[in-house]
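Below you'll find the structure, written out as structure tokens, and then a few comments.
Chain IDs A, B, C and D follow the sequence of writing; residue 1 opens each chain.
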Amino acid sequence: MAVLTYRDALTQALREELSRDDRVFLMGEEVAQYNGAYKVSKGLLDEFGPMRIVDTPITELGFAGIGVGSAMVGLRPIIEFMTWNFALLALDQVVNAAAKMLYMSGGQFPMPMVFRGPNGSALQLSAQHSQAWESWLAHIPGLKVITPGTPADAKGLLKSAIRDDNPVVFLEGEMLYNTKGEVPEGEYTIPIGKAEVKREGGDCSIITHGKMVLVAMQVADTLAKEGISVDVVDLRTVRPIDIEAIAQSVQKTNRAVVLEEGWEICGMGAQVVDFIQRECFDDLDAPVIRVHQADAPMPYAKNLERAAKADAPKAIAAVKKVMYLG
Amino acid sequence: MTEVLGRGETRKPKRGMSNKKNGEAPDASDELALRKDLLRSMLLQRRFEERCAEAYALGKIGGFCHLYIGQEAISAGTCSVLRPDDYIVTSYRDHGQALARGMTPRSVMAELFGRVDGCSKGKGGSMHLFDKSVGFLGGHGIVGGHIPLAAGVAWAIKYRKGDQVCVCFFGEAAVNIGAFHEALNMAALWGLPAVFVIENNRYGMGTAISRATANEDVAARAAAYRMGGESVDAQDVFAVRDAMGRAVELARKESKPTLIEMRTFRFMGHSMSDAASGTYRSKEELEDSMKRDPILLLHDLMRSEGQLSDGEFAKLDEEQKAICQDAWDFADASPEPPLEHLMTDILVDTTS
Amino acid sequence: MAVLTYRDALTQALREELSRDDRVFLMGEEVAQYNGAYKVSKGLLDEFGPMRIVDTPITELGFAGIGVGSAMVGLRPIIEFMTWNFALLALDQVVNAAAKMLYMSGGQFPMPMVFRGPNGSALQLSAQHSQAWESWLAHIPGLKVITPGTPADAKGLLKSAIRDDNPVVFLEGEMLYNTKGEVPEGEYTIPIGKAEVKREGGDCSIITHGKMVLVAMQVADTLAKEGISVDVVDLRTVRPIDIEAIAQSVQKTNRAVVLEEGWEICGMGAQVVDFIQRECFDDLDAPVIRVHQADAPMPYAKNLERAAKADAPKAIAAVKKVMYLG
Amino acid sequence: MTEVLGRGETRKPKRGMSNKKNGEAPDASDELALRKDLLRSMLLQRRFEERCAEAYALGKIGGFCHLYIGQEAISAGTCSVLRPDDYIVTSYRDHGQALARGMTPRSVMAELFGRVDGCSKGKGGSMHLFDKSVGFLGGHGIVGGHIPLAAGVAWAIKYRKGDQVCVCFFGEAAVNIGAFHEALNMAALWGLPAVFVIENNRYGMGTAISRATANEDVAARAAAYRMGGESVDAQDVFAVRDAMGRAVELARKESKPTLIEMRTFRFMGHSMSDAASGTYRSKEELEDSMKRDPILLLHDLMRSEGQLSDGEFAKLDEEQKAICQDAWDFADASPEPPLEHLMTDILVDTTS
């Protein structure tokens, strides 16, 4: 297996799918001449030309809608949001148009499209540029929502997303783009909706997704040294959620910590807790504990930002607490 | 860029020139057939929606229901210059356009009744009519939200190097919303084969255009995007045909978008719960506007030129009423959707 | 006490607060000349004039932002969304501007404003006009989110919302406007963030809010006849949530059903479940069961719409299930 | 409505007419003082941001940091015609305007360093500068998102029957987004005392205006809202003063908004991670634009008219550098915010 960055894995997926199907095109701000604000589309303009790799004005609502319209007549747009913070302006098109078109039309108009871009916080970008939207998007029937945490998942799931005939929300991590990992050689895809146990363990489950997968792995490493073995379940897709995988892990460990990047109230973690108490009520030896961002807008100051974010120390404390070691 | 006509003037149309063969003069029989067909289309829309009002009162139609009565020349004139493979994207006020485009009255009425034989299987209702077979891409409920969709359809046409055109209808109040602005800029910037049709019936719900729009000359907005703009007396079906004919050709041949203001009137309330007059517009204003009923105008013209006897008109009208009765009966007989349908059409399970 | 409709209770609150403080104004589509799309502002234009009761163009994003700007310099706007479905277009102003202004400015700019309007579904308005957004809005730090279910709560809480110096989201119910209830005479307010036990019972708790409060009361009535006594906890405010009130009820009944109007995934109910399992882990005799809208866009057809909505029969079945009577 | 100048022409400004007393001719000493003050303001901004670049390289400033270097005549000229009780609302490219408006270099630098003595207590950072005491209302990060805010501030002025003005700055790429369109329509419709200033530095990040905007004559968009529009050579601080002086008066006296295109250049990259030239713009283009450095132009003018010796200029420059060094030292010495601050300023606990 080759070792690639998360960014290069995404670029490979885009290149392969653009080559495979000429109905696929990439549209967004700075995706073409600038090679992408985060260089995910590097080289694609030269390779595929200006009708396939399309720079737009700063009009998230407008070009998201253009993607929807083009999908109604059979194209397969990939709409890039420079970051999901700006996608707030486009949610009407994602939620009221893309997610409902098939239903409102009685099955006549599927939406074979992808909305993608970096989600969540990076470093010191402060309140308006540091938001994680997976819980909002997972709330919406008619969408699929993917949150890959590793280069291999990023590539395999993006390819599946592009081939899927439904509107797929694909949430990347700005802080993940430079992370490296092994990626299978050649053609492969990863099924949407299937979680992966990234680490086997018996003492406690950590259910997580996206950017927090790396954190969970650090936690598992650290705790292993203390003789605590953690089962790390990476949901990978948050809509639909792989309830079975969650249940299997918790039935094994009888303890769970749910780790996510975003805010607490009505976050993904709350939904995972709901599934756990429903499916594993009699298996639980302790209440499920959640780890998430502080319930505040993201501050700019380095020290405050660090304090606000979900991280390994907080997750380690949570694991010890559910194990009554705290 | 085509000229922008000021508020007062409207271009004199060549009365009912069928533009099917450009330049070449049409013969008289074509001409008569065209006029009859435009009259038929407008009558069908009118009679159909009269029945809708009746069905709504009986509780057979529910939810929001926005009638098109008074605006039928826009849909009839527009559809008369479109090709079968062209596309239409419109708002919630979509019954008339759906019928003019050739959706069956049965499938539309069944949809309004919320029945399984409706065009959208009863899941969409009045605001969400769709028919892929005639390129009718909805029926959308968020003001302005469908304008970028139309630009996207036009983008797809250009992407495929096709020569179809996408026509987008929306009300005059939609010109103030961001989606309109963003979509028109991109359509002009990229040269997309679309025609953006403002149906200016002078009111957005209860708000007169002068209370919502700083520059009432909405066609003049085209200039902000270096796009052609034009204002049309849309109670005159031939004026509509003429302007749309040119705009559609410009889109088809040169892949250039146009913004057209159709000056029209809504003879009914905004929706079924809104009175036609008395609150935000006077009875006089409404009655004045009704003197310019597009059906009346065409009927008078044909009568004055001896092209349509009262008997012929009555016959044509009866035919439309019969079609609407048939649609009603069909819809009434159609079953409610089976409960399993609640959870279908949310996602497809196909991939490419 | 006078018996008023929910609509008239809201109108009273608006009138009283407009009279009390001339910095308060109401802005939105059709609020003035038309007396409001749902007549909540009936008569207010005549009473307060066109600078206090302001009709806008159809530009949700724009006039929400105008409200924010005016609040920055000390006015107290009440921004009415004709329905919250359309507010999707304005969420950038609610979330990125109103909710974060105080924090981003280091405490310099409070946002004394209210965003209000009908939320959720009515009758046969189909997919784009039938959405309940409380779980999305409750996710956002910097906001308060209120969901009154009765005329008395509607009046008392709207008055509190208007007087609050923070941005308050106030979610009404189109189907509630005509419902009647007793409303205290004269001046009163209801504290934001306090739940109310609307019915005392010992067998099972129903935790709910907004439109579903009436449904919960029907459920309680019906089950009472069968000898089952239900404790109905009306959250009234979903941000902040009155965790104590939830815990007290569940510790008493040891069983809970969470009833909400909206969709399941990451819904309010999931958050309530999370609080319950955290606070009442050892008190629960059965997993908490949730009742919510079907995980589908809202269909138009009468029978499908009925099947999609949360209602009394579904809630009754849930109560019996948590009581193992099902 | 004031005329819209075409792409080529720009109005010849009366060289540095101080318009504090309308009509009445200013005396020479006023005139010289004004010129010196404009030069000082621009120099302060320039030197300050040069230190920002240095601090960013050292990791003392983090996140996104957008420099204003090259555009200083816009902030200096604008602020020279504003009253202390007027308001400014701007984008993330806000350092220069904050300083020109009179925010202390110390509070700004401390904010950039993320320290507790920053104007926003270190919680906002570069993109979110705020200072209530001088009517500086941010510092906003969503393109176009602050334009409705400015209209709202102007609404509040009108609501209170005040005679202040709200100036809103944004880049040329922001004219395509919906919020711009919605806000300008309402500002014109309601006659709000605002001036909307397009800082046209020709690029939105890496996108040249011609690739994003169908009609590059962005001032012409004013016509879509029946609003006055004007284009200004914004490297000439007097041209800025002149145009802003008239627009501010129109807003103050007649409560009418204006849209002004300030034609300028960004001498640096879009943000610290973006190269000034080489990718989307050529070295030549950048160097050409630098010949029109607003500081250079004013300096040359004053020298040519014998108003400023090189010694005087050097002294003025040294003073600004000293102020910036002081700001740096202050920021560096200021402590990080205490951790409790993470959970403060989320909500206030007051009511009216």
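In this section, a contact is a pair of C-beta atoms (placed from the backbone, for glycine too) under 8 Å apart; a residue touches a chain by one contact, two chains touch by 3 or more.
Owing to the predicted nature of the structure, the values given are computational and were not obtained by experimental measurement.
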Chain whose Cα centroid lies at the greatest distance from that of chain C: D
Higher-contact pair (C-beta pairs counted), B-C versus C-D: C-D
Distance between chain centroids, defined by C-alpha means - chain B, chain C (Å): 38
Computed distance of Cα centres, chain C from chain A, in Å: 30
Gap in Å, rounded to a whole number, between the CA centres of chain D and chain B: 46
Averaged-CA centre spacing for the pair chain D and chain C, given as whole angstrom: 41
For chain D, residues that touch 2 or more chains besides their own: 120, 122-124, 128, 140-142, 176-179, 182, 185-186, 189, 211-213, 346
Interface hub residues of chain A, defined as touching at least two other chains: 56-57, 59, 61-62, 85, 88-89, 92, 96, 103-104, 126-128, 141-142, 295-297, 299
Chain C partner contacts - residues on chain B that touch it in the complex: 62-64, 111, 114-115, 120, 122-125, 127-128, 140-144, 173-174, 176-178, 204-207, 211-213, 279-280, 336-337, 339, 341-343, 346
Chain C residues touching chain A - in the complex, by the definition given at the top: 61, 85, 88-89, 91-92, 95-96, 99-100, 103-104, 126-128, 131, 135-136, 138-142, 239, 241, 262-263, 265-271, 273-274, 277-278, 281, 284, 286-290, 295-297, 299
Parts of chain D lying in touch with chain B, wherever the complex brings them together: 176-182, 184-186, 188-189, 211-215, 220-221, 223-227
Partner chain B, residues of chain C touching it in the complex: 29-30, 33-34, 37, 55-59, 61-62, 85-86, 88-89, 123-129, 294-297, 299-304, 307-308
Residues of chain B touching chain A in the complex: 87, 89, 118-124, 128, 130-132, 137-142, 145-159, 178-179, 182-183, 185-186, 189, 344-348, 350-352
